[in-house]
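Here is the structure we will look at.
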Amino acid sequence: MADILSLAASNLISPIILSFVLGLLAALARSDLSVPEAVAKGMSIYLLFAIGFKGGVGVAAHGLDAKLVGTMVAALALSFLLPFIAFALLGGLTKLSTVDKAAVAAHYGSISIVTFVAATSVLESRGIMSEGYMVAAAAVMEAPAILSALWLIAWKGGTTRTDGGLYREILLNGSIVLLVGAFFIGAITGEEGLERIASFIVSPFEGVLCLFLLDMGLVAGRGLRESWRELGIGSVIFGVTMPLIGSVFGLVAALLIGLSPGGAVLLMTLSASASYIAVPAAMRVALPEARPSIYLTLSLGVTFPFNLTVGIPLYTAVATSIAGG
Amino acid sequence: MADILSLAASNLISPIILSFVLGLLAALARSDLSVPEAVAKGMSIYLLFAIGFKGGVGVAAHGLDAKLVGTMVAALALSFLLPFIAFALLGGLTKLSTVDKAAVAAHYGSISIVTFVAATSVLESRGIMSEGYMVAAAAVMEAPAILSALWLIAWKGGTTRTDGGLYREILLNGSIVLLVGAFFIGAITGEEGLERIASFIVSPFEGVLCLFLLDMGLVAGRGLRESWRELGIGSVIFGVTMPLIGSVFGLVAALLIGLSPGGAVLLMTLSASASYIAVPAAMRVALPEARPSIYLTLSLGVTFPFNLTVGIPLYTAVATSIAGG
Amino acid sequence: MADILSLAASNLISPIILSFVLGLLAALARSDLSVPEAVAKGMSIYLLFAIGFKGGVGVAAHGLDAKLVGTMVAALALSFLLPFIAFALLGGLTKLSTVDKAAVAAHYGSISIVTFVAATSVLESRGIMSEGYMVAAAAVMEAPAILSALWLIAWKGGTTRTDGGLYREILLNGSIVLLVGAFFIGAITGEEGLERIASFIVSPFEGVLCLFLLDMGLVAGRGLRESWRELGIGSVIFGVTMPLIGSVFGLVAALLIGLSPGGAVLLMTLSASASYIAVPAAMRVALPEARPSIYLTLSLGVTFPFNLTVGIPLYTAVATSIAGG
Amino acid sequence: METHLAKRVEIIIEAPLERRLTDALVKAGVTGYTVLPVSGGSGASGQWTRAGQVSSAGGMVAVVCLIRPDRKDDLLDAAFSVVERHIGVVSISDAEVLRAERF
Amino acid sequence: METHLAKRVEIIIEAPLERRLTDALVKAGVTGYTVLPVSGGSGASGQWTRAGQVSSAGGMVAVVCLIRPDRKDDLLDAAFSVVERHIGVVSISDAEVLRAERF
Amino acid sequence: METHLAKRVEIIIEAPLERRLTDALVKAGVTGYTVLPVSGGSGASGQWTRAGQVSSAGGMVAVVCLIRPDRKDDLLDAAFSVVERHIGVVSISDAEVLRAERF
């Protein structure tokens, strides 16, 4: 316990977390500090490319192990399954409409790649190794939860707007394509390729992450300021409980597969995190009646900071002590 | 004197200055070279974050010394005082309206963070140390001059538009919040934090500064081309005299406080420099009748290049020889 | 031959090429992956500045040699000459209108700076030296081909729109000004200047190039998807033959001048590459009836990938074996 | 200069629906359209700004479409089929255009 | 498709005043507005472009507001109170809108 | 609030011609104009988007110009002289403006 607390404390005073807090405070104080949309997108492209590439290099270096298939299957299963749990939990905790509950559920079955990146950065700073293909697991978990949400709606008798285009859009979503593509580039070019671009994708990585989290803080803070009134206390409880539940599922899966402690931390983090890019866009198309003020505020304003500050150190402590650190 | 000249010469052929000159010439020659607004803002966020962070780390490393409070008080006083001197000097040298004079005065009481950054970069290349908290002095000096200008207008019987929102906007201006926020992050995370992001905020810093100054040159050149006709010879004389006067005030304050030679250079530079971000925006709201073609052209087209080329080497030479180099 | 193939293969699996392929595939698959315009422009500014600067430093370090003047004259002559060859070849291979042929010809007489950059990066990775002033040759070759195209149109009795503004725009085109300006900054500040900004313009260079090529792949892929129907088989044959012909002219010129093998590779690459920035903009003004779906698709969709994958390794193999590697 | 009557239709719609809208417009027979970026706004569903956003979800675009007056109903039907369940606004104004043969 | 008469008000105003304008519009009872970025322009006070700018001072935005015709005067009063001493232009045109209940 | 009749001219033109157009407008006596960025579109010459573009060639801008009604013909002549051989559209609508003395 003391260990967790000290881990959490040392995590809290990292430049990454503090940058997020700065953005959050600036937005809540209504400062006009803002990051241009193009710059935010540029940083996100950089982070996806770098994390994908490094994952691919990891696979090239350490080889594919037998657990790879298991991990992918588990990732797929988690992403399909977690929305149902989220939906049920929301039913118990809130009075949200079916559509809102399904939309929120889709977010929590999917993942937040920045939370994943923050976790890898914590692992790195502690010298904990993890499987390179966890990045592929992240990609696998982006989309399936959307299907679960649509299925939930259909089951409850609601209507969704799902033309053929939607499935292509979900699968070929820019962030998935970039993450997977960079993963393959990394896997093909290996250590040699990494060496050529390491001073671009490795050394400045954590600094870029700081500025990106500053922006995330600004966006989350603006969202909270605009919409916190719409969140009941039940939703907020959901926003901090669901990641814990998700992480337990992730941990169990990791143990069943036999992932390394670092891999377990990452699978827990993926399960615990909630999407803020791919799923919201899909929801606008498929479930326009669902309110972004609920799902985005929960995912970005509650769960994201929770994972960043409490979650990741907790998952790290638990996974390393259980999966044998 | 020879020393100053050689300093100035070696300063003049740095990539930083030459990049500014390139931008200036390209704009004057009506080249279509331009930096996208989003990229310029992105670089400015990077520079503010990096310079604030490094200042904070400096304070964490060398501790707060007793001079800190004195420096902040002096910074505040200078920013309040200099507009009055600028206003009087403009009265002697130009036939500008009261409103224009007050607006220009506000710019010269405030500071240009890029000029500050360029000065720190000169200090670094000469191995001259300075107090980390000079960044905080920069932040302190951004806003007060605006109040002096509004007071000048009121005193002269003019009307300004100052709703409550204005003061919040001035104080929570994005660049102040980012600079101060990054300063605190640096101070909290210290050398350890710096190490994690040094290859982002330290190594590429001077290169980013080059591209940013290229952009500043483009903007300044476009401004000069568009508006030089509106500047009388008196205004131009003001644009190179006021920084010198300001720097003398900065020097005296630095000597009274007992700042290091490097700190003295920075306080001189702050006093000598004129705002081009926060103050213009505040003037558009509060003094809409004041002409940007006067105050922006003077600040960005005359004083900024003057400080960059002549001022900083001069202040460095003077401060190191007087404050004991 | 085996040498060429192995060179080509090792070139093909570099992160740079694979990033381009990723972009191409993503666009062809209609993924919504996209790089914001401002970010693409920012990267292009970075690449032009870095390549120009390094070229200038090269000249400062190794001195101007007698071949410089010869190289510039050859570059000028090639850029004027190649459009005529392209025009004639298009006449044989396609049924395009005179206007379209002239516009395409202008593109192939001019150069693609990214192809040049990719070639320097291949040379560097093989440890082959080249003359720093090849960057100046690149700048020299940007514009003259436009004049040849206009002359071709006039000769065929067509009308163009060439007010005085056009020539100024072509000559003071942003990318030429930046490339030449950075070259002079590099030449003036030399190794010392480079040292100050090396961790910005040297170390991350290849990584930025990857992301830029990802974007080029996206743009090329979108262009191909939109316009491949308009390209006849004859045009496509032109798109892979013309670079080979151009490279032979470049090689002959390089041998006449006595350039180093690396210099020969670069002159071949310049002659083989086709413009995608400066010339298209000039064509929109001067030859509005020419179809971008032809000239851009050929230049960016056919010739650019051809040079990147097959051309550069081929030119490298040929030049190093003939010019004595 | 001869001008011709036309309608200027301006549709402000959520960014993720842009392609669906323009596909529908093309199907309804418009000869062209222009998309303008939108940086922020406010409506029944609250206030928003594009600043710092990465997802396309939290933003809108403005699609401007000049059409021959007699095409108005087809176009509105097409637009409405896409906008229907979504937030966003559709406005039409009278306009004149040069070069009527283009529309 | 049924449409309803409306007014389309377009206000081009200095960027630092954007929030003041939209606050005034909301106070005057508009149900929504949309902000479009502006990249450059020219007027009595000279020519400008956003390229390379860092400060919001040297730029403008376009605020588009669709309103019921009877709200026009309130809106113009509100807009004018903000624009009054500043540079910028206000134009109003007749329009029709779908889904009148939204305005 | 007193308003005055005006014309709102909107010219969507290729970006490389922007300066030529605005120069022609100024020559034709307009007192001001505003340039809005355009992110994509479609027409006879195909579909395009600004995303990822570096060259100005593959893009358009929208130039909005408010004028006194009697200046319309001069302006259209000027605009047409630039747009003539190029792709792009010109539309004119009736509008009212505040502060007529500015136009």
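All chains are identified by letter, namely A, B, C, D, E and F, in their written order; residue positions are counted from 1 within each chain.
Keep this in mind: a residue touches a chain if its C-beta (ideal position, glycine included) is under 8 Å from a C-beta of that chain, and two chains touch if they have at least 3 such contacts.
Treat the numbers as computed from the prediction; the structure is a model and nothing was measured.
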item	value
Minimum number of chain-to-chain touching steps separating chain A from chain E	2
Remotest chain, chain C as reference, centres from CA atoms	E
Copy pair chain D, chain F: interface residue numbering same or different (half cut)	different
Relative to chain B, chain with the most remote C-alpha centre	D
Inter-chain centre distance, chain A versus chain C - centres from mean C-alpha coordinates, in Å	40
Chain D and chain E: spacing of chain centres that average the CA atoms, whole Å	18
Euclidean distance of C-alpha centroids - chain C vs chain F, Å	34
Junction residues of chain C - those touching two or more other chains	32, 34-39, 41-42, 199, 203-204
Shared-contact residues (touching 2 or more other chains) in chain F	36-37, 49, 56, 93-94
Pairs of chains in contact (touch as defined earlier), listed by label	A-B, A-C, A-D, B-C, B-E, C-F, D-E, D-F, E-F
In the complex, chain D residues that touch chain F	1, 3, 6, 8, 22, 26, 31-37, 61, 64, 66, 93-99, 102
List of chain E residues in touch with chain B within their complex	14, 16-17, 19-20, 45-58, 85-87
Touching residues on chain B, where the partner in the complex is chain E	34-37, 40-41, 44, 161, 163, 165, 215, 218-219, 222, 226-227, 276-278, 280-285, 288-289, 291-293, 296
Touching residues on chain B, where the partner in the complex is chain A	36-39, 41-42, 45-46, 49, 53, 168-169, 172-175, 177-178, 181-182, 184-185, 188-189, 193, 196-197, 199-201, 203-204
Touching residues (chain side chain F, partner chain D) in the complex	10, 12, 36-44, 49, 60, 62, 73, 76-77, 79-80, 83, 89-94
